[in-house]
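Below you'll find a set of structures to go through.
Shared between the two complexes below is chain A, which has chain B as its partner in the first and chain C in the second.
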Partner chain A sequence: MKKWIGLGLSCLLLAGCWDERQLKERSIIFGAAIDAPSKEEIAFTVAIPEPGNEQKPASTKQVISATGRTVRESTRKIDRKASAVVEIGKMRVLLISKESIQHDIYPLLDDLYRNARSPLNAKIIITEGKAEPFFRNEIEGEPLYSTYYHTLIESAEDSTMVPNTNLQRFASPLFDKSDGEAAMAPLITFNKEEKMAEVKGTALFNDRRIAGELSVAETTVLLLMNDEKGKDATLTFPMGKEENMTIRIEKMKRKMKLHMPKDGPASVDLSYQLSYRVTDYPPGHLEEQKVVKKVNKKISDEIKQSMDKTMDKIKEAESDILGIGLSMSAKDPDRFKQLKWENAYPELNVKIHVKAEIIESGITF
Partner chain B sequence: MKSPATISPVQLFFIILQTQIGIGLISIPYTVQEGAGKDGWISILLAGLFVQGGIAVIWLLSSRFPGLTFYDFAPLLVGKIIGTVLTMMYMLFFFVMVCYQLSVFLAISSNWAFPRTPHVVFAVLTVAVSVYLAKENLRIIGRFHILASFLLVSIIFVLLPLIPHFEMRYLLPFASNGVEDIMKGVGKTFNTAFAGFELLLWLYPFTEGSKTAKWKAVAGANAATSIIYAILAFASSAIFSPEEIKVVPEPVLYIIKEAELIVVERIDLLFLTVWAVFVLTTMISYLYVASTGLTHLLKAKEHKKSLYVLAVLVIPVAIATENRMELMRIGDKINSVSIILLFVIPAFLLMVALIRKKREESV
Partner chain C sequence: MAVWRSGEDDPLSLTAGGNTKPQSNDSSLFSLSAAENTKQLIDLLGKSGDLKERTFSYEKAEGRLLYFETIVDSGRIEESILRPLSETDMQNVEEALTVLEREEIADPDKAIAALMQGKVLLFLEGRSVCIACGVETFFLRSIMEPANEKVIRGSHDGFVENLNTNIALIRERLKSPGLMIEYVQLGQKTNTRVAIIYEKEIANPELVEELKRRVNSIDMDMMFDPGFLEDMVEDSTLSPFPQVLNTERPDRAIANIMDGRIALFGDGSPTCIIMPVTFFALYQSPDDYNARTIPGSFYRLLRFLSFLIAILMPGLYIAIVGFHLEVLPADLILTIKGGVQTVPFPPIFEVLAMETAIEIIREAGVRLPTPIGQTIGIVGGLIIGDAVVSAGFASRTTVIVVAVTAISSFVAPSAEMSTATRLIRFPLMILASLFGFYGLMFGVVLIAMHLCKLESLGRPYFAPLAPFRLKDMLRDTFIKQPAWKKKTRPLDSHPIREGAEFGSREWVKK
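Up next is the complex of A and B:
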């Protein structure tokens, strides 16, 4: 009997009343947006959801913005307006406008990295234009905006349209200026007429600021170059007169060969071996060996060309997405330091070789 | 003085393992990178090897006195006065280790999950649970430590989903930071990571089985600890870039925070509770040996009373500082002292025993 009394009493100790956070006193947010037109003003916007029931699906109840000098100050100001304390622990997406990252993105994220409660697996998304309207504007058929943006990005990741990233993985390249790797994040835009957001491509970073953009097609090529194929990757190429072919990349192998001579500039050979399925090609005739050979040759050339173009773009942006510098420093750290990567990278000689092979021209999924 | 309860070599293995794995588990990759940078995991393996040497010394020493604990045989080797001083030193060291473990535990748990809960609440709860087990005999402690060891599997389990995101290029080329840096990393590991193997000096007489079985248990425990730590350090360096890890004092929690199992989020909070058990086991072991030391000094019969005294003293010392920076400085100091207590003194005593040809039979 004594044992049971002791057991009962010690259960009281487990309550932990100091740190209780009651659901009714908190508003849990799934999405937030940051606009920072200057260093001194950071506007933070949160979308407070309303739980759904059987009659009505979950929807966005309120969108609240506030401006402060730091992200934390802005969130505190939001708390002054909101009926309950805003809880960011469950955040799924963070939208940041392109304008706010012209100089430095890190100050906007610092609070999130420090806060033990913050969700490091939230998706980071760069917006074309101000980020706040992405939560203010109505989206047709999607009452819960934050979830919409999250699934939008997740499905784009699966089809290799945007890089698969989150707050934590995004941060790793930001810390060292010349370590030979760069961050990238999905870029979206809002189409007011269609009342829809749209994935526009990727924002490229040089150190901590935005340095360039890629379209969706270029991003797919870049991700393939970086051996980061999602579940699905399709490319469309012109095949002569008014004809186009859409292919789906099945398997891919990449080989990176680094040349770092003691004297003289470094160079890289990138060889890709890939197999693909044809999903769209009206002229057909892909059962003949001769045609297949021709198509393979043509596709290899087309892929190589788009890879070359994409490579030029990221070199122009001084954004070492492929981590070539990182590979070089892994191979020979001393020589890498001598190279002065910031200057060497835009001038880097990258040779790309592609060998594509058709594996299926009939049934496709 | 002799406790009737004995432990099996398997229980010895788990007691040593659980004593070694404590607060260091979640911060060890950060601790070693301060010296060795990305080669921290090599430092850990080297430190593990180094500790194997320390274990061999202790084992040789203890096996000369198979029926006696350190408290009993130290006076035989170096005389009563120095023997008593040594007993006090070790007792104090264990006491300080308990306090330090508790302080760091409180600091980290309040940072990560319970910012508003007063430290004293957790301190009392933790100490109460530790005392509840430490007042029992070794066999019961050993059983609990085995039970707690099942939780070790969870470490590997939470790391699995992160493997696709490893960036091996952060780690290459291996050992490029040079021998000096790697040795610096080795030097930082002892108090939070590897301390615990010295318990063999006290557990030896209570363990059943042959001489070699005992050695195998302790050496095996230390090898297991080193491997677990090395895996964690490797994973942390493969996820955080070398500059980034410098601002992440608890890398293991951070990498787990990013992981997401299909329906469960924030695994770091779950892992925090698992880690709390590892801290508890360490505190239990140390409280046990510290209290037997005090019992020995006071020539009392049971260790329960001295345990209660120590437990009451632990709480004010542990909550005295909540400042993380200061705790780190204190940790560095304990680390320097622990090298003397874990390696130098046992080696010295072994030399004395060899020169004076002292064995248990001969006295």
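Up next is the complex of A and C:
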């Protein structure tokens, strides 16, 4: 009888306890780094934060690394070292070194895409040099490194300096093979003297490997071309002798016209209509119609030129960030198949038209 | 047992058939001798210390008075009975009596019942009936605002322990000839007078009949009002939710009577029981009707929100900390983790212990006199709470959750509802600790099912949500419309007269 009471009680009160994951018995990680010098060797690093209190802000408690043949093996090895089971569910940044993705990025992410608890809104960041030191090096005034990288990228996204990407958005170009859509991810570097990380630009992908890099200014132009303006986007252009003008893009309209003749190569017309605000222009006199006309023309030309240059760069990297291939396959799938996009894209004739218009030249806010 | 209507018969004449049954066989009718009659009654009653007999012998009148000296007004006996008798020159002596309420009783059982009510029995020599004269004395508490149903604006009076005063308070506000008051005497030993009050032009007769059926079936020695009365007439006594509305406020009582509900009063208690009610009626406060529409609606919604907080918050906390840590935003998770890190107990024990502590503090505070009660609140709430956290027995978050929950549960304008919400959260907490959000959801679904099934006096308790009636929901359930929009009464009490407002806002043209 006693046995049955005990059994009944444990059935009632212990039901579901195998699913329990007590917050206090888990190591929450906010950031992870992957270095994969070769296919057989994947070094996984996690940064375990320490909760803060009134006196002391939250900080990085431990940085643990382990090397295995797969990401999951490496995490299991980290569990051997860490005081509690590592919980990846709240990860906010995933740093991957540029060297690791020379061939294929997917094996490094596979575990994350399989895991039901994996954080799909974590930012993927490509690092110049090894990724592990980004958590090992001290960053001045930022005790919680993972949060620092997260806010660094988020604010860069807002000002259209890096593409807005995360684990989930990153996936779709990876899984679509040879269909004209490419991934990109922010690229950062570590400045040892200043004890700071810095956004360097963007890593361009061709299918699953890294294929090129863009600077921050080029990234902004590329994102504008792709109609992905963040909260604000500023560009600086030379205006004649020793004079520069900084503008903030306010509104933007893109029109993409695809030409796919039955015979002959395909071409694209990209026309942009944008309005901007002058934030920095010492010579002034923007109240005069004549000057405004001149400036508009000059800015339109400058934007067109930088867009042309950026277009050349991504064509060279064979990275179809603008998704032109995707639009073409949607418009005429049969013709798209004939085109053989991998070969056709670098040769694609892209005509860019820009019409920029000043809407505000006074006080900026 | 029968029910008497006001106006048709005097309440005095009623006897509880039940309580006299065992005696009716061995008592005979009155004789012509006053001395014999009183002796007969004294024998029947036994010699109680406060039972007094007084003989008088005037020119015309000769007889005896029998009364309980503790419940009669001796001044009025002198003024209205003895003096007129001594001064009368009429042949028919009883005509001289100046008491307002008098009645001839021929049956000793009825005479005893009247004696118990505080009447004076007057026996005249040569007559085989006694005259019961109403000279009861009242010990009245002054009419004060009920401490547990305070309002900011509106009337500040409350019911008292005397049934007649309470009915007077209702009649004073509701001067309608349709206001019906029916008395029943309950409790074989206590003989408690119970009144059923309703507006006959509005209340559904079927519901009135049903309540009368339930009240008339009550057969017990003692009527402990209002708890016993509530237990006897409620539909489902084991449900955590109260299916009657208890109020000590006359304005709340008449508002409900005017909505076609029925009020039940017991003598000796200031609490009025109102049936049928809905879940939502228990969240309506008289304050809402005195407030303007937008603030009234806001506070009404706030009360429902606090109901949800009161039943769900501890469960949610346990589920999140034990199962679903991913739902916490990154910035919050570290703070919460920092709190629970050093706590030696699983969250369910932590929260259960804190909840129990709060309940103990509350119970202690209710029992103690006000000055000490406040001290207990401070010691319990502040000192223990702070010490528990700094000693590391419970996390700060737990203390916050428990405190917010406790405060939310007290928002309900009905004390019974507030107790109900505090009890429901315990099973929900255990479910959450077993199955996380799934368990919590199952618990909530079970509660919803129970609420949909529950009835109050045979009427749906969860109306107007189930059965669904959007019109009522927007009128006076979740929000409070202005008075001129309340064209019809709520349907949950099935009133026979639906219209309640007839274009008051269509102002007469200038």
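Following the convention adopted for this analysis, the second predicted complex is superposed on the first by the 350 of 365 C-alpha atoms of A that agree within 3 Å, B and C clash if a C-alpha of one lies under 4 Å from a C-alpha of the other, contacts with A are read in each partner's own complex, and residues count from 1 in each chain.
Assume a residue touches a chain if its C-beta (ideal position, glycine included) is under 8 Å from a C-beta of that chain, and two chains touch if they have at least 3 such contacts.
This is a predicted model, so every value here is computed, not measured.
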Joint occupancy of chain A by chain B and chain C, clash or fit: fit
Which superposed partner A:M1 touches (first chain B, second chain C, both, neither): neither
Partner chain in contact with A:S172 - chain B first, chain C second, else both or neither: first
Touching partner for A:D19 - first (chain B), second (chain C), both, neither: both
Touched partner set for A:C11, first chain B, second chain C, both or neither: neither
Chain B versus chain C as contact partner of A:G323, first or second or both or neither: first
First (chain B), second (chain C), both or neither touched by A:F30: second
Chain A-centred angle between chain C and chain B, computed on Cα centres after superposition, in steps of 10 °: 50
Partner chain in contact with A:A116 - chain B first, chain C second, else both or neither: first
Chain B versus chain C as contact partner of A:E87, first or second or both or neither: second
Gap in Å between nearest CA atoms once chain C and chain B share a frame through chain A: 5
Residues of chain A that lie at the interface with chain B and also at the interface with chain C: 13, 16, 19, 89-90, 119
Residue ranges of chain C touching chain A (in the complex, touch as defined): 320-323, 325-326, 328, 330, 333-341, 343, 346-347, 434-436, 439
Footprint of chain C on chain A - complex, ascending: 13, 15-17, 19-24, 26, 28, 30, 49, 51-53, 58, 87, 89-90, 92, 117, 119, 147, 150
For the chain A and chain B complex, residues of the former touching the latter: 13, 16, 18-19, 89-90, 116, 119-121, 166, 168-169, 171-176, 179, 181, 323, 326-327, 329-333
Interface residues, chain B side, partner chain A - complex: 111-118, 121, 125, 165, 167-173, 176, 239-244, 247, 254, 257-260, 265-266
